[in-house]
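Please find the structures below.
In the two assemblies presented below, chain A is common to both, partnered first by chain B and then by chain C.
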Partner chain A sequence: MATSSPTRKSLWHRLSTFFYLRPGLTLAAMLAAPLLWLGVVYVGSLFALLLQSFFRLDDFTGQVVRRFTLYTYSQLFTAANIDIMIRTSGMAAAVTLACALVAFPVAYYMARHAEGRAKAALYLAVLLPLWSSYLVRVYAWKLILAKEGIVSWFISQLRLDWALDRILQLPVIGGPSLSVSMLGMWLVFVYVWLPYMILPIQAALERVPQSLIDASGDLGARPAETFRKVILPLAFPGVVAGSIFTFSLTLGDFIIPGTIGNSSYFLGQAVLSHQGTAGNVPMAAALTAVPMVIMAVYLIIAKKLGAFEAL
Partner chain B sequence: MTNTSRKPPALIIATVGALLFLHVPLAIILLYSFTTDDRTYTFPLPGLTLRWFPTAWARADLWQALWLSVKVAGVATAIALTLGSLIALAIYRSKFFGREAISFLVILPIALPGIVTGIALRSALSLLDLNFSYWTIVVGHATFCVVTVYNNVIARLRRTSASQIEASMDLGANSFQTFRYIVLPAIATALLAGGMLAFALSFDEVIVTTFTAGQQATLPIWIFSQLVRPRDRPVTNVVAVFVIAITAIPILLAHRLTSKDA
Partner chain C sequence: MAGGGSFAPPALCRKPREAAISHSPSAIVTHSSSSPAPAVSFVNVSRHFGEVKAVDGVSLDINDGEFFSLLGPSGSGKTTCLRLVAGFEQPTAGSIQLHGEEVANLPPYERDVNTVFQDYALFPHMTVGENVAYGLMIKKVPKPERDKRLGEMLELVRLPGLAGRRPSQLSGGQRQRVALARALINHPRVLLLDEPLGALDLKLRQQMQIELKAIQRQVRITFVFVTHDQEEALTMSDRLAVFNLGKIEQIGSPAEVYEHPATAFVAGFVGVSNLIRGEIAQAITGSAQTFSIRPEKIQLRDLGQPVSGDEYSVEGRIRDVIYLGMHTRYLVELSGGSDLTVVEQNLRTTSMDVLAARGRAVRLVWQKAHVRPVGN
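Moving on to the complex of A and B:
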């Protein structure tokens, strides 16, 4: 034991010196495994996705034909698919708008009124739902929105059943009950993505310098004017940053439309059903190009609006 | 910065309203786990009972799903800890060509919608004619868990002063000793926090898993199947309460461990 220890130590020392003198090699040794994983497995998979979208499914044999074709992409623009794209983007826009409206007051209170322990508690109250089980949070609404559930009970206690029925009879947003309507789905989407909107707005509001607000007041602006002309423009990039999350997450989701929605498909559900029961991986791959293109355009606009500095 | 003197009542109402909106639904699940009603979601609850807790406990399919989720999350977390800290250490200690590209690569799996990552892995499996297995789930999970470890470790490294490392080297320690006695203790709690968040993320993941699991059921997949076709409502309520509790603990601990890094 005592005799082997110095040689072992010197081996480690020599190894250490070897790497110390070759920083390039050290870096390569450290990054080899992560790059193999993310660069080859993950980016490789993304290329596989791209490749698959240029194959097609043989309608007779049900097998994927591995030859280059644009056929699958040409099949994207059927009336049914365009319907799905419009429905999904419309929902994403409505969810984003509602999230911004609900999140702004919370973010404003957190950034400009709360202090010390209260602020830390508020921060945690927003962060906890962000990280906690998404699936369980969706499930909660299945209970809440059910025809026999708590929302219906409250509404009937208030003698407002007629109003709910009237709303549920509306085309597009209505349905047999809240738990199988677009209106219900919209509520659940707003609920699950709300923390993603609050945090960037809060961060943007924190960065508004007090001196600017004081200056605005000194120059004779009333608080409402200061809010509209100083605070709101400076907080806007935060809203755009948050909207990237709410919009993108809504575009790709298939859990909420599958749980709360009616039978009309959303993009994620279409992708899921093509790769699953239909075995049409090329079509599923081509369909994912849609949210990616939409998000690419969205990100370019967001960058112009200064959202990346607010992230 | 803050003006506590005047809080508009409308602002307080909007804030309290939004916070209630965020938290009351979870309390409602807790309430429903005690209902005697096993066919509908009737409110007010017809009666209260504790019987669903032992019923859920006795379910073999739940234990199987839970065990699979724990195994997947454990291995995915171990991989994420290794890869995430390697990237953070490499990026922190040197400037090199492609540095920005690597940090972009780490964030990509969570920046893209989960469905893109899911279908990408599914496409690769189908191109390579690989079958679904335990490992296909792990690969997907580890990929998007790397970022949580990376973020925590790099935030900690930026706060740690480099002079300690230089002092260690000056005093004759080799790189391995410096790592063992200086760097590792400095990043230990960040690793712990990142690992716990990675575990929570993996334990709860359903979107990517749907594409990489085949017929295997992790706990979230089990819950999702109940969402689509509710067969065991009372048992699902109990499972939901269990999941809320089990994911809240690592999140709160991770927050405590890293609250100074932000």
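Moving on to the complex of A and C:
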């Protein structure tokens, strides 16, 4: 072999050995860039944003007054803003619940039954929608749900128009047609965020060894009991992870509420209009803090419920 | 059905050395009169996975209260057999009975058996106490009764005071005991153990072998024990079945299987055997019938020493010497080219002596009575 004598190793060799013998330095070199990115760009910008929320907008000059004040936060609690918060959180909760209910069976099938090609096909089917533009898909849904759209047509073919009309007459969730109702918005939210719920649940279920399920049956538990006592608790961290996605994505979204629904305001839209047209960056920043607080409360509740005990 | 294995009682413990190998001289189990049906009965059971015949026409009776081992290499069908008894697999063909009741189509939760899993399968989101009491909780046994039996079980497996721990906080040996307690607390009529000691280190494994045996005597439950470790099977079992390629090669007591291997596979898998066939067999015994001879039955003698009428002998040259402390293994090359393994205890010899034997021409001598003709 053509390896040189130990005294005359190449620079590359010596560099490798240098780092191999200093694992701490290797780790520092590896993490420096991502930590810089996370620390400065992510946390730093978030901090800058939150700092803005403690300033206020001078109503006369339209200038931001750079002095510490809780005035902007106090402005959060107007009736209109509270309305927006409740509407957005309610939608986020409904979307999360529906996503979990739809995603669990799909994820269960992917994790515990599908094999080989079927599994690959399912992965593709779940991820494929994410490859196309989100905006295009939302507009497509606007047409699908429109009064003359395919959903209405299909329902009338089934002679069920009366049922749809009855549902659309309901307060809050109803409207002139599906595409301008909360119900329609909810459907589109569930469609758009579903992959973010399926994948973490599937990953969690895949980590549950078959022997645990066998053991539960062996100890006398019927499948329903095994599901409740073993599978669900062990998959729950996955459900929580997925719900963090669906919940927070719904809280921040402004495209779906702006495209589909009855033009009542959502948090994302409020942030957009305050920092854009109104130039009220402090108010936009304060509104951004709202979903963060909601998520923090949500995670504390999840932890109290024991969601992370199986991790 | 009575009696299970219909094997003639073998001549036991002829030599002191053999006694050291088979710890279980009570070869044939006398079944208890109260339960005429075998604890587990397989009649022509097969389990095929597509083209693969994991279990292929197995018939087997395991007596009530017996410690029965399923021994074989990986992929021989022993674990599939255990899973068939537990109910995790359904047979492709054949009948499986537990105490006379047909169970082939019953799910696991309707069978009066419990399993100790190879990976222990402890529920990670429950404490040790919740794990052990799981079966009682499912059966809705009242809490005071549950706690009482939990205490007894943890006492039995010598883990008192650990009920509040998580499985992740336990050592491998402790998890193994928890798995055992979780199965035994339900008082199953048959306990299935799937290579439960496989993950433990040698010392702990030997200790657990003794403990398991003691626990079995105490609880008087039929134990069906899957292992690929022939020494473990010989140490612990009342009887054992040797599996190969989905079929049973032999059923019998440890002494029977060791001393009277029914097939060449059993002779090779249970302990070490020299198989001698063809011309060399002809030259030694006068017949071309293949036979097996255990390494410890062969004596090494100098070329000139006499051979008596009840002995066979053959000449060879010591090709290699492996010093193992307690004993020495010699590889002896016969004139025909094949090797024989000979094991001798280091009674008087030292490592210097035995290593000096390399290259020496020797005469191998063994009693005719120790030769086992084998089929296949």
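Note that the second predicted complex is superposed on the first by the 251 of 311 C-alpha atoms of A that agree within 3 Å, B and C clash if a C-alpha of one lies under 4 Å from a C-alpha of the other, contacts with A are read in each partner's own complex, and residues count from 1 in each chain.
The criterion applied here is as follows: a contact is a pair of C-beta atoms (placed from the backbone, for glycine too) under 8 Å apart; a residue touches a chain by one contact, two chains touch by 3 or more.
No experiment lies behind these values; they were computed from the predicted model shown.
> Is A:A286 contacted by the first partner chain B, the second partner chain C, both or neither?
neither
> Looking at A:S211 after the superposition, I want to know if it touches chain B, chain C, both of them or none. Which is it: first, second, both, neither?
Only chain C is touched by A:S211; chain B is not.
> I'd like to know which partner A:F254 touches here: chain B for first, chain C for second, both or neither.
Touch status of A:F254: first partner only.
> Kindly classify A:V230 by the partners it touches after superposition: chain B alone (first), chain C alone (second), both, or neither?
second
> In the overlaid three-chain picture, which partner chain does A:I294 touch, first (chain B) or second (chain C), both, or neither?
So A:I294 meets neither chain B nor chain C here.
> Of chain B and chain C, which one touches more of chain A's residues?
Tallying touched residues of chain A, the top partner is B.
> Which holds for A:A221: it touches chain B only (first), chain C only (second), both, or neither?
second
> Could you say whether A:M91 touches chain B, chain C, both of them, or neither, answering first, second, both or neither?
Touch partners of A:M91: none, neither chain B nor chain C.
> Can you list the residues of chain A that touch chain B in one structure and chain C in the other?
Common interface on chain A, chain B vs chain C: nothing in common.
> Contact residues on chain C for chain A in the complex?
Spelled out, the residues of chain C in touch with chain A are 86-88, 107-109, 113-115, 117-119, 121, 123-125, 134-135, 138-139, 182-183, 186.
> Sort out for me which residues of chain A touch chain C in the complex.
209, 211-212, 214-222, 225, 229-230, 233-234, 309-310
> Sort out for me which residues of chain A touch chain B in the complex.
12-13, 15-17, 19-20, 23, 27, 30-31, 33-35, 37-39, 41-46, 48-49, 51-52, 64, 102-103, 105-106, 108-115, 120, 122, 124-129, 131-144, 146, 148-150, 152-153, 191, 194-195, 198, 206, 210, 248-249, 251-255, 258-259, 267-268, 271-272, 275, 281, 284-285, 288, 291-292, 295
> For a test of understanding, state which residues of chain B touch chain A in their complex under the given definition.
Of all residues in chain B, those touching chain A are 1-4, 7, 10-12, 14-15, 18-19, 21-23, 25-26, 28-29, 32, 40-44, 79, 82-84, 86-87, 89-90, 94, 96, 102, 105-106, 108-109, 112-117, 119-124, 126-127, 139, 142-143, 146, 174-177, 197, 200-201, 204, 206-207, 210-211, 220, 223-224, 226-228, 230, 236-237, 240, 243-244, 247-248, 251-252, 255, 259.
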